[in-house]
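Please go over the structures that come below.
In the two assemblies presented below, chain A is common to both, partnered first by chain B and then by chain C.
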Partner chain A sequence: MSVDQERDDAPIRERIRENPGPALGWLAGALLLFALEAGAVVHLVTNLLGTPVELPTLLSRDLIPNNGYQTSSGVWKDTFLGLAPAYAWAIRVVLVYAYAFVWMLWLWRGYLVFREHYRYADWTPRDDMIDRLRGHRWGQFGAVIVFGFVILALFAPALGPTTVERTISNPYSHHIEYYNDQGQLENITVGAANLGSRSQGTPDRNVGPMSYDNYGRWHPFGTLPTGKDMFTFMAAGARVSLFIGLISIGVSGFLAAAFALLTAYYKGLVDLVVVIVGDSIMSLPRLLFVMLLSVVLGDTWIADIYSGALVLALIFAGTGWPFLWRSVRGPAMQVSEQEWIDAAKSFGQRPSVTMKKHMAPYILGYLLVYASMTLGGIIVAVAGLSFLGLGINPPTPEWGRAVDIGQSYVTTSSWHISFIPGVMIVLVVTAFNALGDGIRDAIDPQSEGGEGDGAEVAATGGGA
Partner chain B sequence: MSEQVQQESVSVATGETLVEVNDLKTYYDEGGIVDSNPVKAVDGVNFEIKRGETLGLVGESGCGKTTLGRTLIQLEDATSGEVLFDGTDITELSGTELKDWRRNSQMVFQDPESSLNDRMTVGEIIREPLDVHDWNTPQERRERVRELLDVVGLQPEHYYRYPHQFSGGQRQRIGIARALALEPEFVVLDEPVSALDVSVQAQILNLLEDLQDEFGLTYLFIAHDLSVVRHICDRVAVMYLGNIMELGDTSELFDNPKNPYTHALLSAIPEPDPTSAKDRITLRGTPPSPRDPPKGCPFTTRCPMKIRPEKYQDMSADTWVAIEVFREVLRERSRAEKSLTEQAKELLGMETRFSDIGEIKQELFGDIDLSSEVERHIDEAAQHVEDNDEEAARRVLREEFGSICDNQKPDNHVVSDTGRVSHCHRHMSEYTDPDEFVPYTER
Partner chain C sequence: MLLFGASITFLVIRAGPLDPVSAILGPQGDPQAYNAIRDQLGLDQPLWQQYIDYMVNMFTLNLGESWVLQPDTSVYSLVVSYAPRTIWLGFWAVLIAIFVGIPLGFYAGLNPNTFSDYIASFGGIVWRAMPNFWLAVILMSVLSQSEKFFFGFNWEGFLYATNVTGPPPLGDLTSVDGFLKALKKIAPAALVLGSASMGNEMRIGRTAVLETVNSNFIETARAKGVPPRSLVWKHIFRNALIPLVPIITGEAFILLGGSVLVESVFDISGIGYLFFQAIKNGDMPLVGSLMFIFILLVVLINIMQDFLYTIIDPRVGYDGGA
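Moving on to the complex of A and B:
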């Protein structure tokens, strides 16, 4: 047949070899972006293997330091370009977020390059979904906040004005220098400095948001009652929350999808068994059950991993999958009634492949929606448990514990200790819900208000 | 490519049996925990399909024709009986044997909106059967798909399009291409054109006929559109309530139906000539529940030519019809779901919506002079109903007014030189043949 068609038949590798320009350009972008942070990755990997290797990294606190001291003449020493710590820190934060944003652009660019140069189909149902998501302001609002949250968690060590190690877990092994009242350079431990920067509700003993303490340290979110920097605490806490959220949603999403596909494909007895098991779990009062489990499992080896974050994630996964499964069981049942399932059976397709190829794509969208909405709930629940003193073991930072610690100072000048984490929890949870809304409207045009024409459109997410 | 196909079609010997179905039964919901009374979707059918022919399967909705088609390609498990495909009983196959056999028989589905996975490109959809059976190399598979697209009248460029981008007729062509991918011998066409526009229907039917000539295919054509069946089928089987009522040569069957049900069915075809006076036989009521089919002939409850018992041969047609309607009403009542409150009311002897038997009797028999004997039996049955013993009422009526049609399954009588068979007691020598008999409702 024609040359044109032979080109069409090549797998993606060969298509790229044929026309390597756009792909290479795109890849070069990735390498450039990666090189900026290669030091952090090398550090992480070598740290796992034994001795960490230090390489200069663009967005590290070593390259843009914000810790220093102010001489009596008002000049800052040891900070980035001699700038005030607030500015040095702000520059670092902006750079980190800009860097992450460029990565997002790079991914989007990759999709466009693929669509333009390497994809045969000039239209796929996914194009419509992406178009709809592009016009969904509420979903985009959610996406922006979620992006901010994820980056906060991912780059927590670089974003904080100081590190967890220096100010929270080991303050008496680290030192800072400052000019004391007598105008002399004094070297004290961080722990000692923290005692002087406590926020305990009285105006003379409070370091509020966006202020310096007496030791020239910058506190964007103020300090905790112990004098520790709260922004560092929040960034590290975001990591824990995200870890628990992703692990538990990942595990329960996997279980939910697997059970939904199995029950919808085989129906009958398999369905009945899973319904009974799922309903039994759902009928338990969840919060009490989670508390019970976290106490029971509290003394086992698994509770020591990441200060109990892993065990919490697994508890949430184990008690949460029936809810997700219930949400996708309906769509899975609907898809299983489609004739293309019969068609696949009629030419002898294996059940596992049929489920993966002909059913899973139709429920994954729903799963994504419910997962992103549930994620917010898990973050709240972990915060709630930590608030009750159950969740994450101190001293590992967790947002709910900050709310707990600050609750007696809410009406005082140290209001920030509860207020900021509380607002952030609300924002992040709302954002995950908004993102879920956006995804749902993207895959299901009907929910926007009667654009599609029939139940198939809802199930297939196509139309237009 | 076409030369190769020519050779193949020559090698197909027509006239030899490809599929032979013996006393096939397919029941649903067997062995349920609460209700072990299965739906008898296919209740003992016998027929054979010759190589290269098109056998039509017609009947009203819910008569089991789709289930029969699905059982033939092993999408449903047969409850009993056998399906011999080239001499092999395929209901016994499993595992790799079954998978290998599946290459030989494929299905074209009714609804082209539902039979194609919208998330896959047309090429992937048509290629999937080839992938499943590891047909040649991937490169050859892609070429085969393009060839198939061409065969069914689509463009090879459509390989990377999605089903969304096609009309109903084009989607059905994609479904046909997928069914043909593995070069099957036998294709079940499950109402392949009923979801399409009339203008497109003809195109698809012509395509199916062309493909049959080209590849020597054997079709089982399931339809409820009788004119389509007449156009495309060599032989026709008429199905009612899981049974084949009549099976024979298409033109012969349409011109001169033998079975009472075929009579009724064909009389429903609208005549394009407004002046033609045609006797339309309207069947009363609905088909009985396939969970509880009649013991004798499946059509007995609605048959306008039912054989009467010896002693009522001289009864007027009106009386007979009224009695039949009365029996029908009782049957329907026993089928109706009774709610818990209604059951409770019944136990307490209170009025329920089921208890107005007197009114029914009045309405049916009010204008008719009943002989004292008939009246006695009717009253006895009505009394049983009032005592909430509908089972006994039905038994009284069956014993008194029932005939061979109620009690005995008819044999398949050969009714023409071409081997047409009809499932009716009237073909026995002692009764009037259906085509000579004037239905009671027409008198």
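Moving on to the complex of A and C:
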């Protein structure tokens, strides 16, 4: 949002060169914010390239550790400032969200700086849209929850009380210390400790939400039937869901926009071909077709990337673009009838430039609305697939699998295993719909939820 | 559309890496048997010939036989034995959605911005965002121990002794007893399956009513002194139904997709369950034929939708298109 796509006379770079003060000030702040977390980014990049490089990072679990043990006198060792793990964890969570919130404010400030110093026009229609969004409580509710969800996904390793590596994928290679019944310090593997902290329905074999297990480990969401920490599971699951959602929406949105522009500009045969292809994809029952594809593609190399998340994302993109395309086709057709398109044509502007500059801005808003609503549907559908055992391959956490795992414990004292993921899915999906509503009302205040048919159906994710 | 949909299905199942022969034989099949079966199933023929065979068979409704799941059973007989449960489920799911969702939506639309409207709208939004499978899991568990949660009300012993899960007994629907029994059995599953579309219908119904109420002809009618009752039923209701038609028919997709999840939770061996099993076991002809049936169904529903339009909205003619 900070850089607007308005290249009137001079490109933005030259405008900044003329008056570098405010931009430099903003950039310095952004760099400072980035420096606090640079270690995490460096770690991520070097991890992809090979051996990870560890740099000191502000919001890491090393700086504010919550794993420790309680001595017989009740004092906690190895935790942050000797606080109880619950508080240490809470401090870390609050700090992470505060950090993310400061980033949000800073980006917003960047937009204001741009608006004040570098934009030629004093007012553009976009300002009004933002003002309308600021008065839209329902949309803001959605934005807040979506913000929380995105941060949960982004900072998953730092937010969980423990890491996926330690408790889920490789529990027998890590150790914890605790005082056993005889009052001695004992060192056992995480895997062995997990066996003692299982949630299996009976009151004596259950670690509920917001409680400690026998090894002094804090479980904000309780544990899974295998004894693994559920908050860690959920945070990592949020990452997978968001990854799939964003990739598939990105790809299908790009396809939809490209096809909408092409069909609206050229009409005729191109339009007909896309209509036929799109309609035949839409005539397949989507969820069933996605299931079929995920099984068919299950053995290929592409399914190994990120435990099958990438292939799922591509499947959703491949089956989802006709729906998005249908919803932006109308606006694109309307724009293509305008006189200025005709003018641009006769003026000899290249078609690609005409589409990009004069048509795309009009359909982007609609695309955003439908994308936001579809994203919720994709999250539900992915969870549904994982519930059936088709989606993400087992070691990697996914919310739907937690619902599946906890199925038989719903009415027991381990109710949290199925219940919490379900509630979180409901919240996140509602939030994405609310955000979509908000953006729609901001872009097109007259519509008032009028022609939302496509989105209404899209939002349910084909019945998952 | 039918043609292209079927072609895509063919492409996916035949040109993809699924290998039905090894699915039949298991991983340790010897190569000779492998080749023999391959030959027998006609998989060694060129792809285009398989394609033509497939398409011709489909359009002459020669649905073939299951290869893996239940060898040598024709798809037709499988569908006949599995489909009734799904139809029974889908029927009630649609009914629940229509008879709860639409009236609620209309009520909310006729009393906009009141407390009950907010309750209904908010409920609709949340209800819609609820994943079917999760709702099914929760409902199933709660109902199977209902006396704990509903102050002694025992669902399993209510009217007839049944389990919450399992296929509905469709043996004799003609008698009152058998009918009620089957209905009770399917009710939780249908409620879950209908929930998503119920929320949709409510929201669309509400907007549709609001739009109609605020349009000019209603104002005219009101000025002419049309009594409120006839105003609501004759003028508002009928016009507000128009945008609901595609939503109701669009439910076909939702029901088909959702049936897989709901059937697997409630252990109803219906067509969605069959499809899921067929996919998992690489039973290509079964998958292909079922997909073809689904597409056929969707096309039929689309035709029905146009037909419904002409009933509800006489302005849309047969030749005008919807």
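Definition applied: the second predicted complex is superposed on the first by the 430 of 464 C-alpha atoms of A that agree within 3 Å, B and C clash if a C-alpha of one lies under 4 Å from a C-alpha of the other, contacts with A are read in each partner's own complex, and residues count from 1 in each chain.
Note that a residue touches a chain if its C-beta (ideal position, glycine included) is under 8 Å from a C-beta of that chain, and two chains touch if they have at least 3 such contacts.
The structure displayed is predicted, hence computed values, not measured ones.
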Partner chain in contact with A:P331 - chain B first, chain C second, else both or neither: neither
First, second, both or neither for A:M291, with chain B first and chain C second: second
First, second, both or neither for A:G201, with chain B first and chain C second: neither
Greater chain A contact set [chain C / chain B]: C
Touching partner for A:T124 - first (chain B), second (chain C), both, neither: first
Contacts of A:G348 with chain B and chain C, given as first, second, both or neither: first
Chain B and chain C footprints on chain A, overlapping residues: 456, 460, 462-463
Contact footprint of chain A on chain C as seen in their complex: 1-5, 7-9, 12-13, 16-18, 125-126, 128-135, 137-138, 140-142, 144-145, 148-149, 193, 196-197, 199-200, 203-204, 207, 211, 243, 246-247, 250, 252-261, 264-265, 272, 275-276, 279-280, 282, 287, 291, 294-295, 298-299
Contact footprint of chain C on chain A as seen in their complex: 276-277, 279-281, 283-289, 291-293, 295-297, 299-300, 376, 380, 383-384, 387-388, 400, 403, 406-408, 410-411, 418-419, 421-422, 425-427, 429-430, 433-434, 448-450, 452-453, 456-457, 459-460, 462-464
List of chain A residues in touch with chain B within their complex: 1, 5, 8-9, 120-125, 338-340, 342-350, 357-358, 361-362, 456, 460, 462-463
Of all residues in chain B, those that touch chain A in their complex: 70, 73, 75, 98-99, 102-103, 106-107, 109-111, 113-121, 128-129, 132-133, 139, 142-143, 146, 156, 159-162, 164-165, 175, 178, 181-182
